[in-house]
Amino acid sequence: MKDIYISDLASFDEGKVFDGYFLVLLKQQRTTKTNKPYLNVILGDKTGQLEARVWEPNDPRIAKDFEKGSVVKARGSVSRFDERLQMKVDQVRVALPDEFDKMDLMPSTQYDVAALWQQLESTIESFTNADLKLLLRTILADPAVSEAYREAPAARQLHHAWLGGLLEHVVSLLEVADRVAAHYPLLDRDLLLTGVILHDIGKTRELSWEIGFDYTIEGTLLGHIQFGTEMVDKAVEQLPGFPDRLRTLVIHMILAHHGKLEFGSPKLPMIPEALVLNFVDDLDAKMQAMATEFDKCEREGKSAEEMTGRVWSLDNRQLLNTKKWLGAEKV
Amino acid sequence: MKDIYISDLASFDEGKVFDGYFLVLLKQQRTTKTNKPYLNVILGDKTGQLEARVWEPNDPRIAKDFEKGSVVKARGSVSRFDERLQMKVDQVRVALPDEFDKMDLMPSTQYDVAALWQQLESTIESFTNADLKLLLRTILADPAVSEAYREAPAARQLHHAWLGGLLEHVVSLLEVADRVAAHYPLLDRDLLLTGVILHDIGKTRELSWEIGFDYTIEGTLLGHIQFGTEMVDKAVEQLPGFPDRLRTLVIHMILAHHGKLEFGSPKLPMIPEALVLNFVDDLDAKMQAMATEFDKCEREGKSAEEMTGRVWSLDNRQLLNTKKWLGAEKV
Amino acid sequence: MKDIYISDLASFDEGKVFDGYFLVLLKQQRTTKTNKPYLNVILGDKTGQLEARVWEPNDPRIAKDFEKGSVVKARGSVSRFDERLQMKVDQVRVALPDEFDKMDLMPSTQYDVAALWQQLESTIESFTNADLKLLLRTILADPAVSEAYREAPAARQLHHAWLGGLLEHVVSLLEVADRVAAHYPLLDRDLLLTGVILHDIGKTRELSWEIGFDYTIEGTLLGHIQFGTEMVDKAVEQLPGFPDRLRTLVIHMILAHHGKLEFGSPKLPMIPEALVLNFVDDLDAKMQAMATEFDKCEREGKSAEEMTGRVWSLDNRQLLNTKKWLGAEKV
Amino acid sequence: MKDIYISDLASFDEGKVFDGYFLVLLKQQRTTKTNKPYLNVILGDKTGQLEARVWEPNDPRIAKDFEKGSVVKARGSVSRFDERLQMKVDQVRVALPDEFDKMDLMPSTQYDVAALWQQLESTIESFTNADLKLLLRTILADPAVSEAYREAPAARQLHHAWLGGLLEHVVSLLEVADRVAAHYPLLDRDLLLTGVILHDIGKTRELSWEIGFDYTIEGTLLGHIQFGTEMVDKAVEQLPGFPDRLRTLVIHMILAHHGKLEFGSPKLPMIPEALVLNFVDDLDAKMQAMATEFDKCEREGKSAEEMTGRVWSLDNRQLLNTKKWLGAEKV
Amino acid sequence: MKDIYISDLASFDEGKVFDGYFLVLLKQQRTTKTNKPYLNVILGDKTGQLEARVWEPNDPRIAKDFEKGSVVKARGSVSRFDERLQMKVDQVRVALPDEFDKMDLMPSTQYDVAALWQQLESTIESFTNADLKLLLRTILADPAVSEAYREAPAARQLHHAWLGGLLEHVVSLLEVADRVAAHYPLLDRDLLLTGVILHDIGKTRELSWEIGFDYTIEGTLLGHIQFGTEMVDKAVEQLPGFPDRLRTLVIHMILAHHGKLEFGSPKLPMIPEALVLNFVDDLDAKMQAMATEFDKCEREGKSAEEMTGRVWSLDNRQLLNTKKWLGAEKV
Amino acid sequence: MKDIYISDLASFDEGKVFDGYFLVLLKQQRTTKTNKPYLNVILGDKTGQLEARVWEPNDPRIAKDFEKGSVVKARGSVSRFDERLQMKVDQVRVALPDEFDKMDLMPSTQYDVAALWQQLESTIESFTNADLKLLLRTILADPAVSEAYREAPAARQLHHAWLGGLLEHVVSLLEVADRVAAHYPLLDRDLLLTGVILHDIGKTRELSWEIGFDYTIEGTLLGHIQFGTEMVDKAVEQLPGFPDRLRTLVIHMILAHHGKLEFGSPKLPMIPEALVLNFVDDLDAKMQAMATEFDKCEREGKSAEEMTGRVWSLDNRQLLNTKKWLGAEKV
């Protein structure tokens, strides 16, 4: 059973020996300046990534058969190099299937997926628009889709980049969107929430999350917007009485949810629900990026008297954790 | 008492004579192609503006003493010219003070200003942060400020461009921001709501709304962001124990509320509350612009089968009124 | 039978009476400055548009029943006003179905549509890739699609804005693309030409061309890129053995053909065929816009010593007709 | 007393031992690839920065108590690594207060600060506008302000990034602005020069220059434009008769001095003096950046036949030192 | 002799008859709504332009032989229409050569051209660099060039758009540049002033100023930068010993004087002199645009309490005349 | 004779000793972390570049006299470090002139330069426009020009960055342009092809290719567009009867061939031939960049299941090799 996590290692003394289970994200042959071969390895688990070195690849305690994508049991110790942690691996072998739980090996949501899913379903249940309710049920009735929806990250490396991240993001959005819908009488709540549930569903095909998170070739060429509209299209074909205009609006919301052409939406939001979807999607992603950055500063032990580093997904801004900074003010 | 409004005239027969009270927004001497002098006048009331012509300026029934800014009683009839309505004025005189109510003569909020103000005050009352509560009360304790806050439009011609528009916009924002604050634990609710109440308070000095809505020269040179920070500054000087950092954050929210340098904010939002303030401000303005455009189409009798005209404040997009279009679908 | 065209009228003497058949593009009630009602009408035929006035709408020779979209027989004469031609209509009635040919009443291609279509089909015939050949035949086998493909304009008002313009543009592109494919060994000719044939096929649903050219509401909300991918999708579902990757590439070409996100393509060209498709599409549109502008100058009698007016679709540039200007040089 | 400067070390032989006084800008624990701990240190003095390594941190000759911000006496030698100089530190201890002069330890202006200050004061003395003269004297009468004004750098790392840089930049601007004012009768000289003196005064609060140059948190959140307007505001409150419009114009000049919204000015220059201020400020900064780059090439021994490297603050351009290049031309 | 100018007419009573000499800038046949032919004419003189109408083109007092480009003597009176002045022409004939002075008929500099030219020449005289002195003398020795240099406007409609405007702009620049050169030791004064004199010399071929100001076709296709470099090139060919590098730098200054690629400079300024040239050129043009706008407001009788209209060449900004506004403040 | 190329070394075993002839692109003194001096060298040949280290610079087998620009014979072996190949040099001496062929030492076109040149000349021969034929012959008659034209690369590091690259690019363009000219009757073929041949001729002066490829100082200051127009200018001066307008158009094509101001063209294409030149130039450069990237992936052994890396000259896009990916699809 996995009991040591990469995030724990920061506090380990240099040289202290430990065993751990990790996913191999990269394995490369290299040579030292003195022409000695060694292995450069990147290990991952749900708490992060770790650079590792196997300085004696021919030692019999170093298995030959582990590869990118293997789960391994590794023994060694950490050192610090240029502020980064590095593991020196003394022993390594492929782990047995019953020695680990896959969810421990990739970053994944800290929420209960079943509970999130239940929240999604009861939101659909609450719809008064029978057509939209049926559309969503039809799409999610496909077990491959609903399983992928529960597993997929929301992005490769920006916001919600962890297993279950897509679902977590959508459920958060459902709450925000529902609150906003209650405020503006102009909005058709069920249509808005349908847009929330479907806007990123194409990410289940755009991304792969077997070994780390990456784009598929098809995903790079077509994108999650295209996949999403295809999935709606296919479901509507099975629902003969589905109103044409409603279909048009649902697809419009998927097309327009990035809000700007230059962000990859081929259409700008032209209905109130599409406008709100774009706003809350953007807001939720940015709030999550802020929270993630503040957590990172916390873990790195930054003081309340420092701003964060520059955050790429927030236009390279530095941020300030309001509550912490205010709390630290001398009274 | 005013009983005929500009918005009513669209349905009047050409030539039908009527009396009405209007605000004079423009008065110009002109000459016809045949060298005959006439007056070109623009009249306004709370429902809109109307072009008018006085073809016989020397007729004794045409008063000499009305000017831009006068309220007049005018008699005449309408005709249509190039799709626009035009009034032919046969008689006109300056109205007596007790003949009209100023609120009828400029567009003004359809909400009850006293109720909106009450909502603002009870929101402040609900604060747990005593410093922020005191700051807001100090600022609003100045009767000139609070009166202007109740009267000011939120803009010259974009969203909420009517008397009371600023207050209406802020109260709507308070509701949305409160809902969003309840969803994200990262947010300091009282700080966010303080930002909502103060972000546009400088508009009370940037705009004038005596005769139509316009920018003051000082407003054009300095802008409402500068005025807003001055007002906070002045209030804080009266509150000796006010925490320095809290003052910094409140001013930061005012500086950053436009969200982008190119929109006139000298700083980007760097705290969660400033980010949310920018989002809800932008969203509320756009939702209001949509609602205004849909109302306009309704008044102009556009069918459900047409999109709106291009809306400048929404990147010149055309819009579609979802509910109306869906409702019109043949089943 | 129509024998007088709008383009002929420029040379008519003012006041000369004539009869003609026209499509009514607009009909509005208006009032003169002296309060007299009249009709403001826009008439069209395949050579252009003409402003018209009915000064005596109650004359019994003026039919009451003609509307926007009617084809009418009108009698009257032209005058020039502010450099523009205007028709004074003395008589008008709705035309009988056998009095006119619809193709005379809207601008349409000067090429033989049947010949263009034949060229398209023989290009498909020449494919060596059986899957792509079958895909195209499947799509064009739907008579509604192939009829619309022969009729549709390529745009509302930019390049090829006439009946048959889409087909004319595609056939021109096929020739250019075939020439370019012969030069670069990297290119898969059949894939490139498939992209040419399908890239704008969604315009058959994005545009309407019953009365003038306009966007449908669905077209505005979804766009021809979305319609095009739906049409390919639907056809591929009928072709069980169609290779997945080929389907991906065909859809990628449709998505990417505008070449830039800000031009409404949700994906940039990432394969050589998509890159070339974007280039030749853009080039052909611009060459046609140049030719159209030069023709217009010719018709307006501009001399060789003048540049054209500013052309919107060419970044508002002025252009020069090389051959004409060189030919006019004194030797 | 400091007698060896970082700029001297470039010409030292590798291995030659020397003693020097330096400011510690960074101190980090690290580990070699062979797991041996060492210290990574950055030392600074007024001529530049120097990477240093303490390979034996436990040697008794290495003091334990020096930290970031300490001034130390260090003994060791230099080597070259990847074209960069690196110091190997054999001994180090905290320096005694009377062993060094702080001005030697950070880059500082090569001009005489007292003389620059005198020039600033006599410019104010020359004003004919009594209000502006009084305003400036009031602001500079605060010893904290005038001391900071004499010390502050003009920027963290772009132009004039050294102690006294702000004052040096302002005095250079005063000269240029005075010359320009003499040429254009439109300009109010005293107003222009007031803008020059106050435009960057907020940098005394935006930047800190205790240990290296950095932004304060307040500076990052509010910026020197906001601080500058606050300082004017506070001074004007003490001057009851100060004309309102003059106050508006002075603040406008501060707000607008960056010349573009996207450079962080919330207002564009709308008066001639603000326009000229923006021009000369930008020109002086760029001329100084050029001069700095040419000096750097000179120090690095670049030949006249080479352009400079790319200069970030000049749009990443390469530059050419005209006089040097012309002088080197063979005749 | 011309004694009535267009700028005088604003104060004329409607209907008062006068005679005047004008340049015909446009002459068009038109028809009234009642089908009566009339002439639409635009007349110009050095103070502006004037719309005119000939309502009776067949009256024998209306000459048949005047055309665009003719100078005419016209009799008539003015009226006001939609705030614009319009002349009703009762008599008109082509003027005799000795009746007018061409300089009265197009806007031209208010400075003495001979004095400006003298200033240019004495600046050249002051050079210490013999090569540059010779280069300039060689170029200006061509009488066609020097005559055109004295006559040309600096632009078609932006800054200095009047006869002699180019020379006026250059002489103003020489003064400013000389002042700036005295301040920055980095600058080669003679090289900078050479750049000032030559940067716009290509405008003598880019623009035509026979009848109004316009671009030539060659000017539109090639631009004044290209013409300028050709002129330098041709002169250098006549000067065998002219240093290659000096030639390169002079041409570089011409190429780079617009300062940005998107303003049509194919190269950015890479030497100090080119940087300064771009700055002072831009500054002088903007100062002149400000002065022109303030004059216009003065002529139109705008009060000190109003900002100017939006000025296109200053990013559509509104401006404020500092001195006037300050002077108007109540004390 | 050179028989081992840098591209071969990827497959060499580490430590295997070999001899080779290389061009020295860089030579630097450096020090190891343990203060030992060594040489850092970059070697090049026509297949690429190679980092090399001389760990024993004082070994007598290491010549002292080789420098940047020398051709050397070196003995040593390769190792891999951080995925990059590095050569350890044991012996090195300057090569004798008859030991190598310069064409082997820099990347150069894989086409036969004589054949390409022949193709260029026969295209000129095919012209019907005698003036253009004569112009081109006059320019190419200068042996310095025609030799440089055959040798020059088309760029420093983007497309066609190899000896003969300019000619190869132009000949490819001639073919494409000729095909396009045959399709559009609007085009003057000879003028278009003249533009193709001359558009980049200034690169023969903008770039140097003695030791690696670089910009000359004159090239950086003036650019190939300026050089190209000078060369045309000089040739036309020798051709007294050359039509002025033709000269204008040829120069316009050179000025406008980058297609946008921000790409360094001072004029936009305003004639059909300039538009087509810009299109085919851009297309050919991008097709070549794609082919180069695909070749690189092939050499690096990337599988068909991967996209390429990001390609800078194609907006940092990743690309897919259509034919390879389709071929790899499982059937």
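The letters A, B, C, D, E and F name the chains in turn, as written, and every chain counts its residues from 1.
Here is the rule we use: contacts are C-beta pairs under 8 Å (C-beta built on N, C-alpha and C of every residue); 3 or more make two chains touch, one makes a residue touch a chain.
Here the structure is a predicted model, which is why all the values come from computation and not from measurement.
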| item | value |
| --- | --- |
| Neighbouring chains common to chain C and chain F, by label | A, E |
| Contacts common to chain B and chain F (chain labels) | A, C, D, E |
| Inter-centroid spacing, chain D versus chain A (mean Cα positions, whole Å) | 43 |
| Sites on chain E at which at least two other chains make contact | 217, 220-221, 249, 270-271, 307, 318, 320, 325 |
| Which chain pairs touch, all of them | A-B, A-C, A-D, A-F, B-C, B-D, B-E, C-E, C-F, D-E, D-F, E-F |
| Contact set on chain F toward chain D in their complex | 28-33, 35, 37, 217, 220-221 |
| Interfacial residue positions of chain E with respect to chain D in the complex | 172, 175-176, 179-180, 182-184, 186, 188, 191, 243-246, 249, 268-273, 275-276, 279, 282-283, 286-287, 290-291, 294, 307, 315, 317-323, 325-326, 329, 331 |
| Of chain C, residues touching chain E in the complex | 14-15, 79-83, 88, 305-307, 318, 320, 325 |
| Interfacial residue positions of chain F with respect to chain E in the complex | 217-218, 220-223, 225-226, 229-230, 233, 248-249, 251-252, 255, 261-267, 270-271 |
